[in-house]
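These notes open a run of structures that come right after.
Look for chain A in each of the two complexes below; its partner is chain B in the first and chain C in the second.
After this line comes the complex of A and B, so read on.
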């Protein structure tokens, strides 16, 4: 059926995207000043000869495209390479860290959409009232607060003073509560604004006026006719948002000392551990493609018009 | 119509369910069950007021646990490995694992006597043969293999006696022997399991052994019941009966690390941020241990570049700096410093520091005078001195990830402006600044070094070993000589002489010696923070319940 072809096409487009990203990233890492071996041998007691020897051993003296093809040929065989710093398999390093980040990402996304959609609906339906004003201002404030600072404040309030939750580290699900909130709050404000705008727009549409005119009850008009259409962009955003949260996770995982992939990415970039950075970015790219496709499918299901238009043009 | 809506409803419901199930499933399938909680659980059966677990928070995760494979070691290695000898509190070498040792008169033979019955943490005998194997392994795989380059032969005299034969006297070898790098590793196990596995789960003879390493989070160490030491300054020379387990947590964010200490979830914090020192000092539940860094923080000068190739310009900079002002801005967490070795280094000679201070104590008039002699005068009245129409402008590389250096950069800029030198500050990471200096692509750069032996100077200012711009045959000769003089008094003289020449030539401009802090909960009793590296000695530690 149309939907299936559409999905397959979407996924196929993802492949060159993934390649493109890895090539660009490989080049950026290569262009970065310094090199991993020099960073590795940070002490003063190192002779330049030792540095050269190690560079050769790791193949870093080869031209960048040779390094890339070498890496690629291994990736195709499912081998992400070996970390220059810890000399361990990148697949292993990432698989140890990925679960924490995935859980954090998904919980915080769900949380931010729950808060955001609810607040958006309230402000849209109570447009122009005091509630609208208060919630909207709260939204602007939470959008403007840096997640880092907000995380520190949460840590102080719930970890340091009240001791309800752990300050940092991973001790179980309770350790993810504060990081998830710090990640969710700023993005929930964005969701709120989107929901509100869409809802307001939809409520001004002709068919809503018709629905009122037909004498349908309020509940039916708002939640069946209006909400369903207003939610389409919000649902799309939901799927597009998830991979982006890894960026936020870098900061929040460092702040809360969580052993996630974001922190691994940060440390690996600092140490210029090429293989690990490449591996993580590959995973982020794949996640992005997958979630984008998922988003498209959901839209196609929710809004048959999209399927026809895009299905045709693709 | 009705049907398609039902289908789409179904699809959406299914998708939502999939997301939720995936969430829960990922959680239970992939998340390791937190058997070892990173915080200290209150245990203690025999002595109810004592905590059996010591929790230490450090900023960075080690890159590996095998001290022979890493390029920088940390608290984990300190507890897992045990050197043959250590630097005692007054900078003299005292035994740790070794019972005693002898050095031949010409300095080329060192004989170590190991205690009878010594064992690695896994129970393997720690004999002369094992130490020999360990040193051989160091020479073949460590990035610092050069450390043992002068050890040409090792002879096992009997089960517990090892003779090292050197091709020339190498006093600087002791600087390695006293650190965790010098601790024997169980090379037999490393051979059996392979270097990679050994790097995750090494076997040494230190007071604790690795039980679990949770990546990105913490290392769990448990007591090594085979441990024994001959360190004279600890009371408990065997396994510490009070501490069953040491958890070393990696907390990169400064504020988080301190918050964990203040909340009582962590007992010892390393890498105390300078900004927090003042506040922690006022906290009645915290004790601060202070050690002086075994090295100095300094401005490296590109002596090949105009106008810095003129020694008078370098001297003018040296004398224009007001180091006590810099110290005050850094909350006096540094000592103003004028010479090249810190008090935490071997061969430190106070009279050299006194001489340096008397020569270069802040004096703006003298600095201006030196510039004038070099031909730099402010002719156009714009506040910047010039020569042949060129104003004296210099760039200063400042590392953003070294708070003390980063903070002093603007102050140095302001102080040099007073004598008409215009400084432009460029900020990079420390590693990149080092790279630039190695390529001679700089004018002034803020740097630091840290190593207890004065031999470190050879890597800074020697014309071959050093990667830098300075070259003086006399200094080269003295630094090479310093490598081979065994007699302490003689050796100190050599390095004092080298420093005197450096004081005249100024390829580096000393700024200060950093005070390093370890913040410890008041409940921790009996801790020793051993200079020069601030090694944590926990043989006598007890942790009272808060």
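After this line comes the complex of A and C, so read on.
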């Protein structure tokens, strides 16, 4: 199968997944306890006729599938509804918060891949030595630590005892340092583990033995021949990691009181501001599907064998 | 009877797998750590000097001392006692989540792998769809519907994370289906149901056990994270995540309220991770997760 066909096929698979997700999400919100009109009025005293009028105005007197299409037609146009609490547009609310979350994710991802790939390489090349043992154990410990607790400990050490970094709210880029580290720790351990496993496997391959036998120098064998192939699954993981990172961001942003999308989600759940919750979950899910599809495409570009192997089973 | 058990233990301890495991230093360390946690959880009533909800207004936020080894919290409760009782919750929650996940995921994987075709396509589509949701986010959405509480968090976390079981069991089933003993079982007239559960399932168990051991720590981390956000266990439950939620307000004034619960979450997750890695190396070295 050609690359282009593969990419198109992957993109076409992403579309029904997103539709399925919107249906599930709409249904979850539909099943929520509480009458949205009453929530909207927030205790205001109005006549039953007025309630009926509002119900009709919001389309809530229609059957659920009509409501779904009504909602979907707005979503497609970029209208995610109105916050019941602040009466602001959900799209606006999210677009104000999204940059913080994206920057946080980007920095923590860069950090975790820098540390993870380096540690993975060292442990793979020094396999069976003391360094390998120590770093590998440190890795297992790192992903056993709850990120939010690690964040609290960082706050204590760097924000309180040494007063080096801000611990709460957003006062500029320095406010992202501790949250990014808390978010990066567990994922760097996974990256390390994968890099090590892949590198060890690749180093045992025939073509690496051939490269050694040809008398190529060490650097060339390790970095050009081995690393390039070992990195393919690591690159894929980069894309598949995104949903996990967003999940972590909700907890970490809440802990550090960062004005990002994760904290907005937390606050909206507490306030029962369902329109905002629905909007954020939708954005996150679409981002996830997009990144998963990108991951599939990138791996197909890097490793042509995948196109053939996976092409058949679709 | 006793002789039979003795014989069993003897044959187990001399088996290849057992010897391989005992040589796995990290695995043994994990087993020891886990046994310690289990011991603490089982004997909580004897170890804990106080009840987990025993309030003492005269000794609020006291630092660790000989009387209160881990200090006291904002209500004067003994943190050591709360941690000891919390071990029960953490282990119970981890186990429960994994049992529910396997209960959903394993049969679906068996059915998908056994029947193939459109059944397989349908089940795989659901699995893929679930995979597209970030787990914590979906769990949060479900908790929003069900309302806060430890039981609801357990349900939410289980619903969002059974997909790996389906994927692994499906793949294993597919590879087993072409084996001769399956053909033989079907040839002598075994029903599909009986073939699936008596012949295929036992052959997937090693992978399921490894996966279960390795998903317990993430179950514990997810549920404590949700409790930390205030959606899980409610006070005065001595859930470690809920303790952190209460303790974070006193992080600078009384850091011990936060340090110890987190430390025990880490140790518990670590014990399962170490054990799980060792079990994988011994039982199913080629198993790929995620």
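Throughout what follows, the second predicted complex is superposed on the first by the 262 of 314 C-alpha atoms of A that agree within 3 Å, B and C clash if a C-alpha of one lies under 4 Å from a C-alpha of the other, contacts with A are read in each partner's own complex, and residues count from 1 in each chain.
The rule we apply is simple: contacts are C-beta pairs under 8 Å (C-beta built on N, C-alpha and C of every residue); 3 or more make two chains touch, one makes a residue touch a chain.
None of these values were measured; they are calculated from a predicted model.
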item: Partner chain in contact with A:246 - chain B first, chain C second, else both or neither; value: second
item: Contacts of A:163 with chain B and chain C, given as first, second, both or neither; value: first
item: Partner chain(s) touched by A:143 [first = chain B, second = chain C, both, neither]; value: second
item: Touched partner set for A:289, first chain B, second chain C, both or neither; value: second
item: Touched partner set for A:192, first chain B, second chain C, both or neither; value: neither
item: Comparison of chain B and chain C by chain A residues contacted; value: B
item: Touched partner set for A:135, first chain B, second chain C, both or neither; value: neither
item: Touching partner for A:281 - first (chain B), second (chain C), both, neither; value: second
item: Contacts of A:180 with chain B and chain C, given as first, second, both or neither; value: neither
item: Touched partner set for A:154, first chain B, second chain C, both or neither; value: neither
item: Contact residues common to both interfaces of chain A (with chain B and with chain C); value: 33, 152, 155-156, 160, 254-255, 270
item: Sites on chain C touched by chain A in the complex; value: 26, 125, 128-129, 131-138, 140-145, 217, 221, 224-225, 228-231, 241, 244, 248, 251-252, 255, 258-259, 261-262, 265-267, 269-270, 273-274, 277, 290
item: Of all residues in chain B, those that touch chain A in their complex; value: 4, 7-8, 11-12, 15, 19, 22-23, 26-27, 30-31, 34, 37-39, 61, 63-64, 69, 71-72, 143-144, 146-147, 196, 199-200, 214-218, 249-253, 255-256, 259-260, 262-263, 265, 429, 431-432, 434-435, 438, 449, 451, 456, 459-460, 465, 467
item: Chain C-facing residues of chain A, complex; value: 17, 20-21, 24-25, 28, 31-33, 137, 140-141, 143-150, 152-153, 155-156, 160, 240, 243-244, 246-248, 250-251, 254-255, 265-266, 269-270, 274, 277, 281, 284-285, 288-289, 292
item: Interface residues, chain A side, partner chain B - complex; value: 33-34, 38-48, 50, 54, 85-88, 93, 96-100, 102-103, 106-107, 110, 152, 155-156, 159-160, 163, 166-173, 254-260, 263-264, 267, 270, 294, 297-298, 301-302, 304
